[in-house]
Amino acid sequence: MNEILTLARENLISPIILSFVLGLLAAWVRSDLSFPEAIARGMALYLLFAIGFKGGVGVAAHGTDARLAAALLAGIALSLVLPLLAFALLRSLSQVSIMDAAAVAGHYGSISIVTFLTASTLLTERGVAAEGYMVAVAAAMEAPAILSALWLAAWRGEGAEKPDAKAWREVLFNGSIVLLVGAFVIGWITGKDGLAQIDSFIVSPFKGVLCLFLLDMGLIAGRGLLNSRGILRPGLLVFAFLMPLVGAMLGLAAGLALGLSQGGVALMMVLCASASYIAAPAAMRVALPQANPALSLTLSLGLTFPFNLIFGIPLYLALTELIMRP
Amino acid sequence: MEMHKAKRVEIIIEAIMERRLTDALIGSGVTGYTVLPVSGGSGRSGQWTREGQVSPASGMVSVICLVRPERLDGLLHAAFSVVERHIGVIDITDALVLRAERF
Amino acid sequence: MEMHKAKRVEIIIEAIMERRLTDALIGSGVTGYTVLPVSGGSGRSGQWTREGQVSPASGMVSVICLVRPERLDGLLHAAFSVVERHIGVIDITDALVLRAERF
Amino acid sequence: MEMHKAKRVEIIIEAIMERRLTDALIGSGVTGYTVLPVSGGSGRSGQWTREGQVSPASGMVSVICLVRPERLDGLLHAAFSVVERHIGVIDITDALVLRAERF
Amino acid sequence: MNEILTLARENLISPIILSFVLGLLAAWVRSDLSFPEAIARGMALYLLFAIGFKGGVGVAAHGTDARLAAALLAGIALSLVLPLLAFALLRSLSQVSIMDAAAVAGHYGSISIVTFLTASTLLTERGVAAEGYMVAVAAAMEAPAILSALWLAAWRGEGAEKPDAKAWREVLFNGSIVLLVGAFVIGWITGKDGLAQIDSFIVSPFKGVLCLFLLDMGLIAGRGLLNSRGILRPGLLVFAFLMPLVGAMLGLAAGLALGLSQGGVALMMVLCASASYIAAPAAMRVALPQANPALSLTLSLGLTFPFNLIFGIPLYLALTELIMRP
Amino acid sequence: MNEILTLARENLISPIILSFVLGLLAAWVRSDLSFPEAIARGMALYLLFAIGFKGGVGVAAHGTDARLAAALLAGIALSLVLPLLAFALLRSLSQVSIMDAAAVAGHYGSISIVTFLTASTLLTERGVAAEGYMVAVAAAMEAPAILSALWLAAWRGEGAEKPDAKAWREVLFNGSIVLLVGAFVIGWITGKDGLAQIDSFIVSPFKGVLCLFLLDMGLIAGRGLLNSRGILRPGLLVFAFLMPLVGAMLGLAAGLALGLSQGGVALMMVLCASASYIAAPAAMRVALPQANPALSLTLSLGLTFPFNLIFGIPLYLALTELIMRP
């Protein structure tokens, strides 16, 4: 417990987390501070490329093994299963419609790449290593949850738009998945030599860019929260803080079962605990247009994202520490 | 200057549906359209702005389409089939165009 | 396709006044509006472009508002109260809209 | 509110011709115009989008010009002289404007 | 005098100043060189974050004292007083309307953060240290001048729009103030450790980004000047070059009275000498819409800004050298 | 031959080239991956500034000689002559109209700065030095080809719009030329000291930015190619791959005649072999609006650019190796 508090405090005084908090505060005092959309998207492209590339270099350095495949499969399975849990939990905690619950479920089965890379950064800061291929696991977990969400909506009798070939391509070759996987493969192919060529672009400035990006995310999350105060019932609040914990426990179990390193387990927890607010929302809008997008976004970006960033990550890390470094 | 009657159709639709809409428009025989970026707005589903956003999920675009009056109905059916289940608005104004050969 | 009469109001106003304008519009009972970015222009107060600019002080936005004809007057009063002392233009065109329930 | 008849002219033209067009407009006695960015479109010369582009060669802009009806002809001649050999479309709608002193 | 010329020459051949000159020249030959608005705003966000953060780290490193509070108060007082001087000077030198004079006065009481960070950079280059909290002083001086300008307009009988709560919030929680102060606080909290984490983002590339940013400012300033040639009467020209000198003298007095270091005094001079063209113009547009924005901008961005960059900064620095290092 | 293959293979596994290939693939699977226009333009501005600056520093370091002037003149002459060759070749290989052929010719006489800076980067990676002033030669070769293209169109009886003063200024003070030359001059003036101040901005992250930029170019080139499949006749394909070789041979001859270093000769080949898709297209649109822009762009960006990047550069480099390092 003490450990957890120490970690949480250390986490809180990292420039990365403080930048996020600054964004929240700026939104709260209704400052007009804002990032141009192009800059926000540009930073996201940079971060995806960098984290993918570094993951690939990691795999090139330490070789790969059967665990990679197992971890990918586990990720896909978790991404498929988590929405069912989320759906059940949400329906039991609140009165939201089936359509809305299905859409929210899709968000929570998918992953938040920003939470993932914040966690990776904080791990590195603490000198905790993780498998490079966790990036590939992250990519693999983006899409399957969308399937489950559609299935949930269809199963419960509400006519979700049946995804056509175009919709499938959109989900599978989604920009962030392609960039993450592509950079991962490039990193894998070019290995340490490739990294040496571009590390002063993708390694050194990474944390700084992450600060600015999280500042922007803080602004977005804070403003979203302010605008959507009205829809927040207690049941929803409970869901937004409980679901990541449920996800994290599943991730912990999976990580331990897979025999991942401490860092790998922590990242698996983060992936399961986090909810998408980039790829999944778009897929949900296309397929479940009747669902209220403000609900999913408020829960995933407004509540679960800050929760994970500020409390979740140190908590998950402390748990792996307790369990795996006895 | 010789001018020709036309309809100016303005379709404000979710950005994620842009491709589907323009495909439908072309399918309906429309010869051209123009897409304007939209930076924010408000409607029954709330207020929004693109500032600082990375997700393509939120945000709209405005598609402008000039057509000969006789093509309007086909266009509207095509557009409506896409917009129907999604948020968005469609308005039509009477216009004159130069260079009728283009429409 | 069933269409309904509406007015299309286009308000080109200084970007710094956007929030005040949209608040006034909503106050006047408007159910929706769409904001288009503007990249440059010219008027009595000179020519301008947003290229390379960092200050929010210069630059305009275009706010498009589709309303039922009977709401036009309220909207214009609200808009004018904001635009009055500031630079900007307002134009109104007759339009038809689909989905009247939205306006 | 007192309103005045005006014409709303919308000229969608290649971005590289923007300067030549606005110079011609001003030359024709127009008192103001507004330039809207365009993010993509389609026409006889194919489909295009500005995403990821660096060259100014592709891409269009939309120039909106509100004028008194009696000025329309001069404006159109000026605009047409520029657009003539280039791709682009021009449409005109009837509009009402507030603050006639500005046009 | 010799000293001043040497400094001015050295200053002129810095890549930073030359980039600005390149922007002016490109505007002058009517090149179509231009930066996308999003990139310009993105660079500004980066520069504000970096300078704020470094200022905070400086305070964390050297501790703080009563001087911080005194310097803040002095800054606020100067920002309130400078507009009165500017107003009187402008009205005596030219025929501009009261409204226009009030708006211009607001610009000159407020500060140009770009001039400030160029000066900071040139100081560091010369090895002249300055108090980290000068960044906070800069932030504190942004807004008070706006008050004075409104008071001037009201006092002289012209109905300035009375600022409502919304207007106040806009001015006080203005994006650039919030970012500057926020980054300052984060830097203060995280200190040297925080800096170590992100210095390859906010320290190493800083000067290069500043080059590109000043190139853009050169383009903007040059084009503004070309467009507004028509309004430039001799009295206005005199004002644009005299007012920064007047401000600098006040800043010198204040800096010496406060007992700041040589670098601190030079920065105080720069703050007083510089005129805002980011925050103040927006506030003036909202409150004094009848004022001609081209006038204020041409004076502050077209004339005073280049003057300070090219001649002012080396001059102020040389003066502090003469006075403080006898 | 073996040498060439080895070089080509090494080239192919550079992160830079792989990023480009990733872009092509993403376009091919119709991923929605895309860069905001502002970010693409921002990266281009950065790359132009950096390459120009470094070129100037190179000249400052090694001094200059009569060869600089000779190389500039040779570049201008080549840029004037290449369009005539391109025009003749294209007309003999395909049925395109005179107007279209003239426009394409303008593209191939002008240069692709991205190809140039990729080649420079790959040269540096291999430790092959080149004259810093090749950057100036690149800038000098941008515009003359446009003249030839207009002359071709006029000569063959089709009324090209006669370029007025405005058109000339647009071509000569074109943004990318001004930035390249301006940065070159700044680099020259400030020399090694200037570079030391900003090298962690313009040197270290350069390759990484180039990766992202080429990823974007891959997306654009790939999508352009997909959209324009219809217009690609065999004769055009032959032209797109033959013309760069013809250009490269001319460049080789010129480089050897000028007595350039191995790197300089290779860059001269690259300049002649590459076709413009930034500056020339705009000039051609203004002057030859009847020409089909899709044709020029598909050839230059869709075919010749990838050809040069993937096969051309290693080939040209291997040739200089064979000839100049016996």
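The first chain written gets the first letter, and so on, giving A, B, C, D, E and F; residue counts start at 1 in each chain.
Just so it is clear, contacts are C-beta pairs under 8 Å (C-beta built on N, C-alpha and C of every residue); 3 or more make two chains touch, one makes a residue touch a chain.
Since we're looking at a predicted model, the values are computed, not measured.
Q: Between chain A and chain C, how many steps is the shortest route if every step has to go to a touching chain?
A: 2
Q: By that same contact rule, can you tell me which chains touch chain B and chain D alike?
A: Chains touching both chain B and chain D: C.
Q: If you average the Cα atoms per chain, which one ends up farthest from chain B?
A: Result for max centroid distance from chain B is chain E.
Q: Tell me, please, which chain's centre (mean of its C-alpha atoms) is farthest from the centre of chain A?
A: When every chain centre is compared against chain A, the largest gap points to D.
Q: Would you kindly tell me how far, in whole Å, the mean C-alpha position of chain F lies from that of chain D?
A: It comes to 34 Å between the two C-alpha centres.
Q: Determine the centre-to-centre distance between chain C and chain F, using the mean Cα coordinates as centres, and give it in whole Å.
A: Going by mean C-alpha positions, chain C sits 45 Å from chain F.
Q: Determine the centre-to-centre distance between chain B and chain F, using the mean Cα coordinates as centres, and give it in whole Å.
A: Taking the mean C-alpha position of each chain, the two centres sit 38 Å apart.
Q: Averaging over Cα atoms per chain, report the distance between chain B and chain C in Å.
A: That gives a centre separation of 18 Å.
Q: Could you list the positions in chain D whose residues touch two or more of the other chains?
A: 36-37, 47, 56, 93-94, in rising order.
Q: Which residues of chain A are in contact with two or more other chains?
A: 32, 34-39, 41-42, 200, 204-205
Q: Pull out all the chain pairs that touch, please.
A: A-B, A-E, A-F, B-C, B-D, C-D, C-E, D-F, E-F
Q: Considering only the defined contacts, which chain B positions touch chain C in the complex?
A: 10, 12, 36-44, 47, 49, 60, 62, 73, 76-77, 80, 89-94
Q: Can you name the residues of chain B that touch chain D in the complex?
A: 1, 3, 6, 8, 22, 26, 31-37, 61, 64, 66, 93-99, 102
Q: For the complex, give me every residue of chain F touching chain A.
A: 13-16, 18-19, 22, 25-26, 29-39, 42, 125, 200, 204-209, 211-212, 215
Q: Could you list, by residue number, the parts of chain B that touch chain A in their complex?
A: Interface residues on the chain B side: 14, 16-17, 19-20, 45-47, 50-58, 85-87.
Q: Which residues of chain E touch chain A in their complex?
A: 36-39, 41-42, 45-46, 49, 53, 169-170, 173-176, 178-179, 182-183, 185-187, 189-190, 194, 197-198, 200-202, 204-205
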